[in-house]
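Two complexes follow with subunit A in common, the first pairing it with subunit B and the second with subunit C.
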Partner chain A sequence: MKPVKFDYLPARDGAEAVRLLTEHGDEAKCIAGGQSLGPMLNLRLARPAVLVDLHRAEDLTGVEESRDAIVYGGAVRHADFEDGRVADAARGMLPFVASRIAYRAVRNRGTLGGSLSHADPAADWVCVMTGLGATYLLRGKKGVREVAAEDFIQAAFMTALGANEILAGVRVPRLSESARWGYYKFCKKVGEFSQATGVVVVDPERGYSRVLVGALDSPPVPLEPVAEALAEDGPDGALAVLDAAVDTALGDYPEVNRQLYKVAVRRALAQIGATR
Partner chain B sequence: MNKTGIGARVRRLEDDRLVHGRSRYVGDIKMPGMCDVAFLRSPLAHARIKAVNKPDGCGNRILCAEDLEGVRPIVAESTLPSYRTSEHWPLARDKVRFVGEPVAMAIGRNRAEAEDLLEEIDLRLEALPPVITPAVSMAEDATLVHDQWQDNMFLQLSVGQDPADARDNAEVVITREYRTARQVMNPMEGKGVVAWWDYRDGQLVVTTSTQVPHVIRNGLARCLGIDEALIRVIAPEVGGGFGYKCVLQPEEIAVAWLAWTRRKPFRWLEDRREHLTAGANTREHHYSLTAYADKRGRLLGMDAEVTVDVGAYSVWPFTAGLEAAQAGGNLPGPYDFREYRCQVNAPATNKPPFTPYRGVARPGVCFAMELTIDAIAREVGREPWEVRMENLVPADAMPYVNVTNKHYDSGDYPGSLMIAKDEIRFDEIRERQKTPEPDGRLIGVGFATYTEQSAHGSKVFAQWGLALIPGYDEARMKLTPDGGVEVRVGIQSIGQGLQTTLAQVASEILSIPVDRIRVLMGDTGTTPYSYGAFASRGIVMAGGAVSRAAEALSERIRIVAARPLGCAPEQVRLQDDRVQGPDGNSLSFAEVGRIWYLRPDELPEGDRHGGLEVTEAYRPKTDQGVFSYASHAVVVAVDPDTGKVELLDYVIVEDAGTVVNPMIVEGQTIGGAVQGIGSALFEEVTYDDQGQPLSSTLADYHLPGAAEAPHIRIQHTESPSPHTAHGIKGVGEGGAIAPGGAIVNAINDALAGLGVELNQIPATPERILKAVLSARAAKEKAS
Partner chain C sequence: MTSKPSLSELTLDVNGEAVHGRVEGRTSLADFLREDLDLTGTHLGCEHGVCGACTVELDGQPVRACITLARACEGRAVRTIEGGDDDPLMAALQDAFMQFHGLQCGFCTPGMLMACRDIILRHDSLSDDQIRIALGGNLCRCTGYVGIVNAVRSVFERRAELLAAGEPLAKPPTQPDWAGQPLTRFRRTGGQMQAVEATPMEEGAGDDQTLRETITVQKPADEVWAFLSDVERVVPCVPGARLLSVNGNELEVEMEISLGAIRARFKGNGRYQFDDQARTGRMEGEGRDARSGSSAAGGLDFAVIADPAGDRCRIEFVASYSVTGPLSQFSRGGLVKSFVGAMAKMFADNVQRVLSGGQVSDKGNRLSVLQLTLNVIKSWFSKLFNK
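Now for the complex of A and B:
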């Protein structure tokens, strides 16, 4: 299938993108890497009259480093993390995750901001950025506002992005030296979407502990009792309360699915000892 | 040995152009004024067409069934008892019978424009109850897929006799239900057709991605109602066929009709979504099977019912009956037992028309048979390989006529299983299984052995009662004036390397190296008749024809060379790329070509020589098909927490008679095996209760990729066929037959301790995990 006819407008920077979106209103849609939108255009499921292309916008492809955090432009590509072209705020976690997103061809084009804005609950960055406690920088007509990762994705494929707003950047707090992380996703085959994702981040120096289960029908769900047990008693303590926490949080899911979610988090927890 | 003859590991002549992207597929063809065609496809599985309303002013750019004047429906005849034909119109009339069935077509300057037009069509359908499964189709008072029928059966047959003695004497009785999923063949290149009118030749030229150009010409002439002489069919480079491009397609007829009536070029290229919906047409079998054995596990007999969900229409020329009839005939496989009965059902459903796919029925029957052998082994407490060994047709019984009258020509089936067992290091695996794996996974080992009836001859097809019976294949061969060779064959290369292997057969006889042998194919305008590339027939049939033609050409060459060599023609030998006389004197082939074409004055006067171009036809001495076979052995690791399966090791011991090119046999075997791994673990089209396919993109229909393909280790054995030229057997399909059986046997071996037995493919993680959880729950309940 081929797309419905559309106009293609490349934006020089974030501000121009916002101006173009404002100008064309509901008829316009952003494209960055096009790895999700491309197929939707071809299948005629998405039918924008105007495509505003962000992938060459200068201020969206850069990285700003500070002492406590790194801000990644929304149009930074998965392969930029994988290949180390951008600094890693999370002690190995970001390249590890990036290198397992879909296939290399997808990673060459797909972007951080595009993936987060598409808000597929099974997407890697959706789960990982929530796990890291990232903050999203949304640029609109009135400037930039900040939204916490867990507040950004509201439901599957639904986000806090307002009309004419773009996801300009993602601020990821730097993990401290003693921090540990784990990430496990279960896919039917290499490169396919995850069916169950477990994310674990514990940073004692910052008093931070988060355990998430992802690839649900909805945004990732924090397993707070597991995170607390992890902070206090380490991975073994976390494992002891895991099954009950998943059964409580995901009571509506069939047993087979809950089993996979438990396994994903269990295996993410098992990595805690191994990462540094 | 001739360095480029039979048996040589010649690099494929095709690969340079293919890997550099320099060849020409249908999609690469551009013609001035060419329009793109897009099809409006039924959104419902079963519905009555109330109206196809076109927007104003688009009359000649949008066409529906009534507009295709003179077109006849596809009707595939067969004389099999009980068989019913269907009328399959290129654009649906009265009713639509599956999601994806073409209802109308639109013409645009490009595909997007044609698709824009499709959106303007107001299609009015009245939904009818969909007939989605064989059970629904075969139920009493079922909704009829074809209104004029009394029930929904394309075919119902009973093969063999009641195994009464086996039943009476059996010490072990095994009853099982098996299922294999509906699949999509997924060649890398989908279907595609460009048709145009050639004013000079006065011919409708149809360039189409097909395995069978000469057969498509027959079919188009029937359905367009015009003389074959007015049609030329060209198959350009074809990016995979697998059976999908072996039948006459509705779209081919519709696009050819446009070019025929409008005298302009038109094109249609199938996209992946069309393929995954309208092309979901193969592999779905249901088995209900009882095996009778003695207490050692020796098979006494089998009573089976196989039901093939054949979809809405009967494909031409192979029909909706062939797969089911083949399943009934091939279920006994390589095993020696004397009592057999099989009830064969081919019910119509509201799904795409069933089309034979690489292996044709045998992946299903092999799965059912091989799981049954393992089930018997578990029941009698013996190793599955031992039970297999005792039931396989032994080498000293060859030639052997089996219980369904298949004539196994040569081979050592138990021998192949023993090599597979040794190669997979069976004893080490059994040893390894005694200690738990550090990662908690469970190890299993499984086997499957099969026979592959290749190069079915006329008798076999005549038994199936088809209107078009393959038999002879033809080859034309010419020595060029400079001593090269042109070979023209009507068969088609679909990626299997036939240009190389046919050149090797010619090289074997002529002694000319393959780099001076051009093999031209795929064009009804320039090649002699062939039934085409399917059923593992190419190298046997076209190879035989090339062999015959090379012999005939050699005769002519000897006659021309005799005079300058000063000897009798029968004293001339073709050897080491020279035409040699008895006294050590010799000529180059170029010299022979020069004399015949350019200096006929040097030939004896009054000579009635027929020239240096010959056409020969070939079919094997006996016509029952020749049987290749193989044993597959696989080691799996199953993760009981997730249901995921990893293939740790995979061994194939294959025997395709005389091997023309070992590298090509290996490539065919590996490619087939990876498709079989797809059937075993990944590929499945599922439908909702309205008959909507739920896997219409490759995000939902999972194909095995490089990461899922294990390193496959291949061993060749060679049991030449007594019936064919050079003893060659076909091998194109074989790899795809056994993986389902071998892999699921290995999974069941791994999970035996948990009390799990799977009887369905694909063995997806979800299916395995469910089975593990329910076995665990049952154990807890019991304790």
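Now for the complex of A and C:
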């Protein structure tokens, strides 16, 4: 239960991290909070020769606020959201979600960028950032490029990150005053992986509506008819088309699983005012 | 890669005293505390962040010492269970654990106490449910938690008397209540995503899995067969595979797979046989990953079936794969199936691409079967938390 030997290289900033990753190539791996990679290292499932630590990189731990959006550094921790040490772009959604990730001792170390780069389809941030329509800032040798949340995760544990790129930041559009959000996850035990996740984000002022099922074997899947109905007919209208939309999107899943996903989204819709 | 241990200076504050040490990059905070400083009150249970026995405070916040690298704590303040002697809250918790039978064997107790102290510090109100939820990351196999919850509640009731004024307080984030407030109707102009149909990974039985893949190619069967029976051209179409040498119908092949943070390079021997008449063939091989000591074996059967139209044909692949050794946890359940599935699909894509004059996708170099890791997490880390 001890990791293989590796060189530990703390990066002062994102640029240094990219330089170190480039220098050490395939054998290098990034670590930030280490709450996913740490267990894999201890179990020797991951055996990097070089570990580049991002958790103290100055430009990755900050937050930049603008009128329409907030950019969170990749190394901002879950507990920073939970405790309100960073501003919330989503009218309470980010602290609410953060406070229910794993356990407090994990939230004190685990980071937003680390969780997204690890790309577990059941991870809270994966579902929430896709729901909010966030944009990821990937820093590489040639500078920073932007990738939409829904395009970032290509499959479970597979992202758009290039070999020498890091997830430097996440830009979350600010929800307007009339916006609402719902988030529900089924966990067999507190803090464990979600079995089924429902995400609802609706923002009338911005004309924005997105409804997702998450914690699948693949990245979150949109329920477009539900999102349409939510905008046009409100939460109850969305509920009316939910079951059919899940059956279409997850047709190959066993009925018991589909039921779990339906209920997760139904409860997320109930949070924003669905009454049925 | 470094072969000899390279030690680095480490300075941190432990229980109020400056501490110096020399540690390897891989040394965890828990090992540094226990092995170098003899602070054995920090217990190591699962060593992968699940059980909570190793919980210590880092800059005043509880963390898992087993998955926190010592060097990541450079210059910071650590408090272990040994550092709680002068703390009235910790003293009260210890008394309460005794009074309410909050421990039996004591293995989880140091981590439990560190977590309980944090729970009382951060809350201004606490129901039994909240205590249980907050303790979800600390496992006790003796008490059934009843004694622990009672102990925490009894100390929480004395919170004001035990804590100095001005201790930080966090309000648990809650959701706004929108019940009964109508939501504005609007025309949707944002948030659209491309609809996709998600398919589940099936749980397979046994270790050796097979998977079928069929592709249709807009080329005559003869031309396709000529390509498929040319090992030097076809092996590179297998994702991550490299042909090292050919001797008769014996092959030496290297194959690299990458699953998120997990990498393996299998080197081994293979063989092939082709039936030009029937336009069927089989390639198989077995290899070993020197780093993990795991072995893998796989086979690929293929058949080219001419279309009556003559200008196109169908290729049917049947792939199989098995893994033994330390990496064999991947071969449980749906893992091999999804692995082989991803591989067969990519192989088929590559074949199609090369036949239509293109190049093998460079994605094949880093076999994109990271999907597999999902099942690794499901089987291996099923008790792990979600981050």
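Note that in this section the second predicted complex is superposed on the first by the 273 of 276 C-alpha atoms of A that agree within 3 Å, B and C clash if a C-alpha of one lies under 4 Å from a C-alpha of the other, contacts with A are read in each partner's own complex, and residues count from 1 in each chain.
The rule we apply is simple: a contact is a pair of C-beta atoms (placed from the backbone, for glycine too) under 8 Å apart; a residue touches a chain by one contact, two chains touch by 3 or more.
Source: prediction; values computed, not measured.
**Student:** Could you say whether A:158 touches subunit B, subunit C, both of them, or neither, answering first, second, both or neither?
**Tutor:** second
**Student:** Applying the touch criterion given at the start, work out whether A:27 contacts subunit B, subunit C, both or neither, answering first, second, both or neither.
**Tutor:** second
**Student:** A:260 in the overlay: touching subunit B, subunit C, both, or neither? Say first, second, both or neither.
**Tutor:** A:260: touches subunit B, not subunit C.
**Student:** Comparing subunit B against subunit C, which has contacts with more of the residues in subunit A?
**Tutor:** The partner making contact with more of subunit A's residues is C.
**Student:** Under the stated touch criterion, which partner chain does A:190 make contact with: subunit B (first), subunit C (second), both, or neither?
**Tutor:** A:190: touches subunit B and subunit C.
**Student:** May I ask you to decide whether A:3 touches subunit B, subunit C, both, or neither, giving the answer as first, second, both or neither?
**Tutor:** A:3: touches subunit B and subunit C.
**Student:** Quick one: is A:180 in contact with subunit B, with subunit C, with both, or with neither? Answer first, second, both or neither.
**Tutor:** After superposing on A, A:180 lies in contact with subunit C but is clear of subunit B.
**Student:** Touch check for A:53: first (subunit B), second (subunit C), both, or neither?
**Tutor:** A:53 sits against subunit C, while subunit B stays out of touch.
**Student:** Between subunit B (first) and subunit C (second), which, if any, makes contact with A:44: first, second, both or neither?
**Tutor:** So A:44 meets both subunit B and subunit C here.
**Student:** After overlaying the two complexes on chain A, where does the subunit B footprint on subunit A coincide with the subunit C footprint?
**Tutor:** Comparing the two interfaces on subunit A, one with subunit B and one with subunit C, the shared residues are 1-5, 39, 43-44, 189-193.
**Student:** Please name which positions on subunit B make contact with subunit A in the complex.
**Tutor:** Going by the criterion above, the answer is residues 110-112, 115-116, 271, 273, 641-642, 644, 682, 697, 699, 702, 704-705, 707-708, 764-766, 769-770, 773.
**Student:** Spell out the residues on subunit C that touch subunit A in their complex, using ranges where they run on.
**Tutor:** It comes out as residues 1-3, 5-6, 8, 24-26, 28, 31, 47-50, 52, 55, 58, 61-64, 66-69, 71-72, 74, 115, 118-119, 122, 132-134, 136-138, 170, 172-176, 178-201, 259-263, 291-292, 326, 368, 370-374, 376-378, 380-387.
**Student:** Quick one: in the complex, what on subunit A touches subunit C?
**Tutor:** Subunit A reaches subunit C through residues 1-8, 10, 26-27, 29, 31, 33-49, 51, 53, 55, 78-79, 82-84, 91-92, 95-96, 98-99, 101-106, 108-110, 114-115, 118-124, 133, 150, 154-158, 178, 180-181, 183, 187, 189-194, 201-204, 206-210, 216-218, 221-222, 224, 227-228, 231-235, 248-254, 257, 271-273.
**Student:** Quick check: in the complex, which residue numbers of subunit A touch subunit B?
**Tutor:** 1-5, 39, 43-44, 186, 188-193, 255-256, 259-260, 263
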